[in-house]
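Chains: A, B, C and D, in written order; residue numbering restarts at 1 for each.
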Amino acid sequence: MDFIRTERDPLSLYQSMLLIRAYEKRLAALFAAGNFPLTCSAQGQEAAAVGVVRALNADDRILTNHRSSAHLLARGADPGRLIAEVMGKTTGYCGGKSGTLHISAKALGVVLTSTIVGGELSLATGVALSKQMLKQAGIVACFFGDGAACEGIFHESLNLASVWELPVLYVCENNQWQAFVHRRETMIADRIAPWAGNYAIDYASVDGNDVNAVLTAAEAAVERIRRTGKPYLLETCTYRQKGHFSLDDQGYVDADELTRWKALDPLRRMEAYLLESAGLSADDLAALRAQAEAGLDDAVAFAQQSPYPDSSALTADVYA
Amino acid sequence: MDFIRTERDPLSLYQSMLLIRAYEKRLAALFAAGNFPLTCSAQGQEAAAVGVVRALNADDRILTNHRSSAHLLARGADPGRLIAEVMGKTTGYCGGKSGTLHISAKALGVVLTSTIVGGELSLATGVALSKQMLKQAGIVACFFGDGAACEGIFHESLNLASVWELPVLYVCENNQWQAFVHRRETMIADRIAPWAGNYAIDYASVDGNDVNAVLTAAEAAVERIRRTGKPYLLETCTYRQKGHFSLDDQGYVDADELTRWKALDPLRRMEAYLLESAGLSADDLAALRAQAEAGLDDAVAFAQQSPYPDSSALTADVYA
Amino acid sequence: MSEITVNDAIVQALNEEMQRDARVLLFGEGVATLQPELVKRFGADRVRNTPLSEAIIAGTAVGAAATGLRPVIDMLYAPFLAYAMDAIVNSAGKLRYMSGGQFEFPLVVLAKTGAGWGVGAQHSHNLEAWFVHSPGLKVVMPSNAADFKGLLKSAIRDDNPVLFFSDMALGYDSGRVAAGEEALVPIGKAAIARSGCDVTLVAYAKCVPTCLQAAEQLAALGVDAEVIDLRTLKPLDEATLLTSVRKTGRLVVVHEAGPLCGIGAEIAALISEQAFSALKAPVRRVTSPDVPTPASPVLERAFLPQAPDVVAAVRGLLGGA
Amino acid sequence: MSEITVNDAIVQALNEEMQRDARVLLFGEGVATLQPELVKRFGADRVRNTPLSEAIIAGTAVGAAATGLRPVIDMLYAPFLAYAMDAIVNSAGKLRYMSGGQFEFPLVVLAKTGAGWGVGAQHSHNLEAWFVHSPGLKVVMPSNAADFKGLLKSAIRDDNPVLFFSDMALGYDSGRVAAGEEALVPIGKAAIARSGCDVTLVAYAKCVPTCLQAAEQLAALGVDAEVIDLRTLKPLDEATLLTSVRKTGRLVVVHEAGPLCGIGAEIAALISEQAFSALKAPVRRVTSPDVPTPASPVLERAFLPQAPDVVAAVRGLLGGA
């Protein structure tokens, strides 16, 4: 039941963010309980993911990285199959061979996920070249972090996309951290979007914790790419609320910074909006939360009941 | 007799350019005569090389690439030892193991030459880090082409040099060609210098065929680096008058472009200046040319009389 | 059948396969400039110059291959692959497996190498063993015009990433080459370049002619050498190797690449695992020494395996050394 | 002597060598954040975080090494070296030779690898053979705390580029480690982890414990196995290997890295070249299959060489198979 989600109404956006938050909290709980694989949490970045992914059509393609859960769920991935992949089960999107760090789901148009920082930047141009040369409708959205922007491949990818006029939406999720290093230590500027100027690529930087703002900016960017066929760089300014991965207690993170950003929590802000401007009640929200949790219960049960691959799978899928 | 040249008077600058031109013409003649190795000619780029190299002090370091003859000669390299290296003789700067493409001369402060495009960009930061941490006087000049600016390492090198405040003078010799590809096909912009802005690095772009202008710009850049300790990007706009290497007949080069640039020949322009503003006569210039040619005669004779290495050298110099 | 050079064979293969399949495209630093007739015939879209950016050239090819195109990229000299290892090894070689078989990577990476031109160790460095060691890739390295054409055509039709290495020294060698379909040479099949019964000489690329030369000199000494041209380095044609060594009982592997963890090491290990009882003498490797390729002509000659080195190794074996 | 973990041994070695030589500095993605005590002790100048830029991290180390510093860089996981191959292979490994000996490159590259953590093929990929195949480099890969400390100290004092690989699975193993100078372990010397006379098991990193386990099981079967811990992969300690095989006449090489053109291939080739007459049975390799490392725990276990696999291989040899 791989159904690509493209709904953009506020309620759908919120439901998607809620699912991502519930998913991340559930995985953290499972890890804490022991005997569950480590993962990279997207908690705090829900709006940045949902706002961009929902601006895409079904025939668009997505490339993502190690922190992909939000992109996959926003696109409509089945949380049960995601958790199954994390656990290395046959029902996972990659039959358990990927594990959590590089989940791709071709049926959802989420292709070629790489955990090599910058890997998605090196592959996105080729996916876009196929769109261009095979005259297929659709653009390519490439999600990468502020850290990936420091890799040489960022420069090579944007330069080629510009010279060859490739329909790539570069989405830099600037969450202020690069594993254990603060963005500040790795670059002079605070914003990455303007770097696109060197390649004559249009760009924008948006409040990544405001899903409505992200959606609006992403829709504008996508429209421009569809119209011109040229690349665009959208920076979503957001924050990694959890450690780099499950084992990271964030001991090195400045407490004030964390507090400042938690006050900007994307779910809280969308809830305020729904209550004030969309006529939802506190009860409605509670019901939605319960719904999301129930979905996670089923997902975890599905993953846990799924079988591990047979050892014969070890040597399968190497060559076409 | 490795003597680092730092003279900056117009006559010395011209003599250095004259030596480079004579050297390149002589090597082209030797290659045409047969049984001489292929080389990458710096003809047409003499002013860009001499103007920058002469702005340096003896304790500064230079990194260069495959097209290094002009940098080496401007710095004071012995043409005899250069030709010997090109021929693979023991008296060459690298004992014949380098050949023409990666000649380094530690005694001249010309270190770690790489023919891997961008190689010099990857090494320059480390040489500058040594200057910084060992508290040694001097800066590091790194010569690279417009093509090298397309490599990811350009982005990584400038970003690190900026964040770590390394004393690097990045010198982009924009000669309009990248082997068999025109610069125009590889980037949207015509100038590379402004790319430094992304890293908050100061920059300038100068007429690379006017040696006086290059020297002035380079002196200003060097002074700024010495004062601030921070990197700087100087772009010298010039032209590759010959093919990419000895075998390249330039059949693919637009005739008008070539004519336009030949009219801007750096030697012609410096000669005009010397005649008009420095009180030299045509006879003086003729004498200087004859002097340069005589020097080349000796250099070639020295290289030709030098021995080839003994085959025992094959396994020497691998490990320290 | 016509007599053409290795360089022409490569262009013929590209012409035929681009004609046959509109999804095939070629890009790299200067390919459009240097192959104007390909541009004229197939258009600027399918024959492209690129910026000087090996990492994105390879990455673009990998992304395109996974989504419907069949790219051929010219990476120029093998050492430049050092900039493109992530796309080739971590992406092209692994992402099919890591995705549970969701993607295919029909892609060909062209790279030249081989000493003899005095251009030094940053141009001349035989790196084929790196890619044999890495999962999910295929590696070919032909020795003659017919195989260059036939293997390149097969590589372009293969649904997996293929590293196609050309030895500079062979570019102007000419040989008789078939036209069109019959020209295909299968990936994974070695060729018996000369049959013999006293010793097996295994080589690839320019070391095949070296071994044939050595075989002539050995014949004069009454030694009948079999010469096997590997042609494909991954997957290795184990059957042909084992059959030959079981016949001759003696093996010398010859290549320009460095000795340590090279193809020669792999074949020596393979044979001493699979045909141990058939071996009458130690397996010998004749390779370049474990040093960078020197530019000086004298040293470069000494660096390369030569026929007399092969003859000496064989005589050592027959002397029972 | 104190009992410490492998991870602590690495930090101890860094502490002692940074104390001993002010030219030693450490940089990489997050090293300053994760080693605050090193920063406190030696200053932010000598212990630096870097941008996420492997190519310039390595290039900077190479340039610094050639001009008076002695950098140690943490490249995190081995597959990330794919971004740094030019600086390591084309520059650090070649520029001394290519310059006629004008430069030295005292530099250490740290990289982790090794399956067992379910992180998949872009983190778990044993690439040590690539660097053994490339000229001008040294490669070490220890198996226990004492060797981690002793070899890291030697690597930092070595005037050549040293690749120092750590197997993730060993990080929390503890062992008795000497303090200060006596802790030095020479590069290029293998260790006899267990002496025996019936068969030689050669391994490195986490496969050493695997072989010791196998040796116990073999002892129960009346087979006396000698276990050699290579410790250094380049230069190989040929003498120790040859002496052992001349004694036992049987050889099994065990490693996690892929089989093709791996260390096992090199050792099999070396032995069948140098100790052919001493061999009573074929040389056997027990390695992971030639596939990317799977993330699924079941498959990951099947991917790794296990003691029973080693025992089976030895029994095959003794059965004269």
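Everything below uses one rule, namely that a contact is a pair of C-beta atoms (placed from the backbone, for glycine too) under 8 Å apart; a residue touches a chain by one contact, two chains touch by 3 or more.
Note that the structure is a prediction, hence the values are computed from the model and not measured.
Contacts with subunit A and subunit C are shared by B, D. Seen from the C-alpha centroid of subunit B, the farthest chain centroid is that of A.
Each of B-C and B-D has its own count of C-beta contacts, and the greater count is at B-D.
Chain centres here are Cα averages; for subunit B and subunit C they lie 36 Å apart. Between subunit C and subunit D the centroid-to-centroid distance comes to 29 Å (mean Cα coordinates, whole Å). As a whole-number value, the distance joining the C-alpha centres of subunit B and subunit D reads 41 Å. One simple way to say how far apart two chains are is to compare their mean CA positions; for subunit A and subunit B this gives 46 Å. The multi-chain contact residues of subunit A, meaning those touching 2 or more other chains, are 95-98, 102, 114, 116, 118-119, 150-153, 156, 159, 163, 185-187, 318. Listed for subunit D are residues 50-51, 53, 55-56, 79, 82-83, 86, 90, 97-98, 120, 122, 135-136, 290-292, 294-295, each touching two or more other chains. If touching chains are joined by edges, the resulting network of the protein chains shown connects every chain directly with every other.
For subunit C in complex with subunit B, the residues that touch the partner chain are 29-30, 33-34, 49-56, 79-80, 82-83, 118-120, 122-123, 289-292, 294-300, 302-303. Residues 79, 82-83, 85-86, 89-90, 93-94, 97-98, 120-122, 125, 127, 129-130, 132-136, 234, 257-258, 260-266, 268-269, 271-274, 276-277, 279, 281-285, 290-292, 294-295 of subunit D are the ones touching subunit C in the complex. On the subunit C side of its complex with subunit A, the touching residues are 23, 25, 45-46, 48, 50-51, 53, 55-56, 58-69, 71, 86-87, 90-91, 95-106, 135-136, 159-160.
If you check the complex, the residues on subunit B that touch subunit A are 150-156, 159, 162-163, 185-189, 194-195, 197-200. Looking at the complex, you find that subunit A touches subunit C at residues 61, 63, 92-98, 102, 104-106, 111-114, 116, 118-119, 121-131, 133-134, 136, 152-153, 156-157, 159-160, 163-164, 316-320.
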